[in-house]
Amino acid sequence: MMSQVEEFNAYREKMNSKLLKDNNKIIKRIFNLDTNAFMAGVLDVKTKELLGLVASTVLRCDDCVKYHLETCFKEGVSKEEVMESLSIATLVGGTIVIPHLRRAYEFWEELEAQ
Amino acid sequence: MMSQVEEFNAYREKMNSKLLKDNNKIIKRIFNLDTNAFMAGVLDVKTKELLGLVASTVLRCDDCVKYHLETCFKEGVSKEEVMESLSIATLVGGTIVIPHLRRAYEFWEELEAQ
Amino acid sequence: MMSQVEEFNAYREKMNSKLLKDNNKIIKRIFNLDTNAFMAGVLDVKTKELLGLVASTVLRCDDCVKYHLETCFKEGVSKEEVMESLSIATLVGGTIVIPHLRRAYEFWEELEAQ
Amino acid sequence: MMSQVEEFNAYREKMNSKLLKDNNKIIKRIFNLDTNAFMAGVLDVKTKELLGLVASTVLRCDDCVKYHLETCFKEGVSKEEVMESLSIATLVGGTIVIPHLRRAYEFWEELEAQ
Amino acid sequence: MMSQVEEFNAYREKMNSKLLKDNNKIIKRIFNLDTNAFMAGVLDVKTKELLGLVASTVLRCDDCVKYHLETCFKEGVSKEEVMESLSIATLVGGTIVIPHLRRAYEFWEELEAQ
Amino acid sequence: MMSQVEEFNAYREKMNSKLLKDNNKIIKRIFNLDTNAFMAGVLDVKTKELLGLVASTVLRCDDCVKYHLETCFKEGVSKEEVMESLSIATLVGGTIVIPHLRRAYEFWEELEAQ
């Protein structure tokens, strides 16, 4: 049985690959920009991933949150740093963020459990 | 087999308990504020719950809607009062609210069926 | 010199009148629904206006907030009731609601000053 | 076993029927307006459906996106036209639209597979 | 004295030029994508501009609405077509769109008056 | 004549002081939480301010953006770091963020000019 993390990645990769093969130039270039924007610049990758995480959380996009949580995890961001970022997102975005916070917390636990 | 209401509450309680044990002060205090804000003041609990319901509906947060529907139900708010509140939310928030209205209606039916 | 309240109402009435004369049926009927939705039903006008106020505040629409503040004022809603409703909106919608809260407070003061 | 398209339509019809029987006038009239707004006017049905699709996509309402995708499909809108519309929605609405784009693409494939 | 249209364009051009000179690659490429996405493809420019207008309206971005209104005007889109598109946006996005509808209508009048 | 920065701060301080004197406990505690959330923790103040800036930008709150820009400026964040953060916000939030980007850029110039 697939974990939530595996299921998320499998679906994401399958559909991204279809979208890119579909050959719509605008969509391909947005995907390309997305890769570039989170590369190290004057800000390091870790900081940028936390920015992506907070942006995704206040905009309440569970899949975007999961994606940035996984990248944060791979970059060695600590749970405390993630939680501090998510607490800012919850304060700025309000209590409607809380259901997404619950799902983010569960996803992080699965990342740690792997 | 768990009803939708039981499933919602079980997950919500499990994850809230983890979030509170995690000991991030900001998150704990937001949870605490949430409890306080909906207590009787110059407005009674029932009115406040309807305010919470409408805020959750226009912001299109299904879990927040479910939470306030359940509290409304326990406070003795009638189905007609809930529907009148949801109709205002749908008008203010637009037809994109309708899928959430469908799920809210189904959840209310389950609350009544228990 | 016009007060903020007078200026808001003058512009709103001028443009609403143009929109209704323009004779787009969908827009005319949405305006008509808006009038109907806030009439007394199983919920009284005052409660409905507070619902409209909170919906407008979490969706961060200054003009909608002003409109409902003025109707609340005319319906005899007290400042404490307005503030309690706005505090729920700020908690649910997050700190990004605060700039709108500042403008709402200023508008209420002008309503009282008239 | 039901396809995603059949499941979506079955639930949508069941709940819409309950909502309309519930007899809340505002909700009934919003449903009625929704039917009217997408009928041919100075703009043809196909253009209006693409407008509805883009509005639903930038507002990130999966069920609304599915509904307009199905109507587009029935109206003979081509996949290229849908993708061009969705690419505009993704650019205007940002990368948080991408998870909805993945689900929209999958739903369109199911429409074509039927 | 500058008209609202001239003022909008002057500020927009001044600041866009500064943003592009600032040489942030991501921002430059987003601006570039924006130009490309609205060029004729399988959909014509007029349809794409209406898609951009509706996306901007439901997301309640006055400046984006103004921009697409002006391009629609230059492309020869009729007032009736614009109003039909805006009526769909108001229905989908709800009555909180109305203040933006008022400002859009005023801006269109200024475009016609020039 | 007041600069944009001075005007923003004067209005913000005048209204915040009124809101706090009004003595609504929930609002007072949200203000208090806001101060706490951006203090140094496992993340430093600078990183937190960039998180606040990005959250404010994708949620398209000009006043919140201005507030965090000013704090970033005082904390010694460089223009390049601000622009890199804003570019992520524009990519995640889409081209509807661009009008806010223009105003943010102008405000930063005024901060530097002081």
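All chains are identified by letter, namely A, B, C, D, E and F, in their written order; residue positions are counted from 1 within each chain.
In this section, contacts are C-beta pairs under 8 Å (C-beta built on N, C-alpha and C of every residue); 3 or more make two chains touch, one makes a residue touch a chain.
Here is each chain with its UniProt name: A, B, C, D, E, F = Carboxymuconolactone decarboxylase family protein.
Keep in mind the model is a prediction, meaning the values are calculated, not measured.
Chemist: Would you mind naming the chains that touch chain C and likewise touch chain F?
Modeler: In this structure, the chains that contact chain F and also chain C are A, B, D, E.
Chemist: On the document's contact criterion, could you list the chains that touch chain C and likewise touch chain E?
Modeler: A, B, D, F
Chemist: How would the chain E/chain F interface be labelled, same or different, where same requires over half of its residue numbers to be shared?
Modeler: Chain E and chain F contact each other through largely non-matching residue numbers.
Chemist: Counting only C-alpha atoms to place each centre, which chain is farthest from chain D?
Modeler: The most remote chain is F.
Chemist: Tally the contacting C-beta pairs at the B-D interface and at the A-C interface, and name the larger one.
Modeler: B-D
Chemist: Which chain maximises the distance between its CA centroid and that of chain C?
Modeler: Ranked by distance of C-alpha centres from chain C, the top chain is A.
Chemist: Using mean CA coordinates as chain centres, what's the chain A-chain F distance in Å?
Modeler: A distance of 23 Å separates the two centres.
Chemist: Would you mind pulling out the distance in Å between where the CA atoms of chain B average out and where those of chain F do?
Modeler: Each chain reduced to its C-alpha mean, chain B and chain F end up 31 Å apart.
Chemist: State, to the nearest whole Å, the distance from the C-alpha centre of chain A to the C-alpha centre of chain D.
Modeler: 26
Chemist: Taking each residue of chain F in turn, which ones touch at least two of the other chains?
Modeler: Correct list: 25-26, 30, 33-34, 37, 55-56, 58-59, 64, 84, 87-88, 90-93, 95-96.
Chemist: So what shape is it, when you link every pair of chains that touch: line, ring, star, complete or other?
Modeler: Shape = complete; every chain linked to every other.
Chemist: For a test of understanding, state which residues of chain A touch chain B in their complex under the given definition.
Modeler: On the chain A side, the touching residues are 60, 83-84, 86-88, 90-91, 95-96, 98-99, 101-103, 105-106, 109.
Chemist: What residues of chain A sit close enough to touch chain E in their complex?
Modeler: 25-26, 29-30, 33, 36-37
Chemist: Per the contact definition, I'd like the list of chain E residues that touch chain D in the complex.
Modeler: Residue list for chain E touching chain D: 30, 33-34, 37-38, 41-43, 47-48, 50-52, 54-56, 58-59, 64, 78, 80-81, 84-85, 87-89, 91-93.
Chemist: Would you pull the chain A residues touching chain D in the complex into a rising list?
Modeler: Residue positions touching the partner: 11-12, 15-16, 18-19, 22, 24-27, 30-31, 34, 55-56, 59, 61-64.
Chemist: In the complex, go through chain E and note every residue touching chain B.
Modeler: Interface residues on the chain E side: 58, 90-97.
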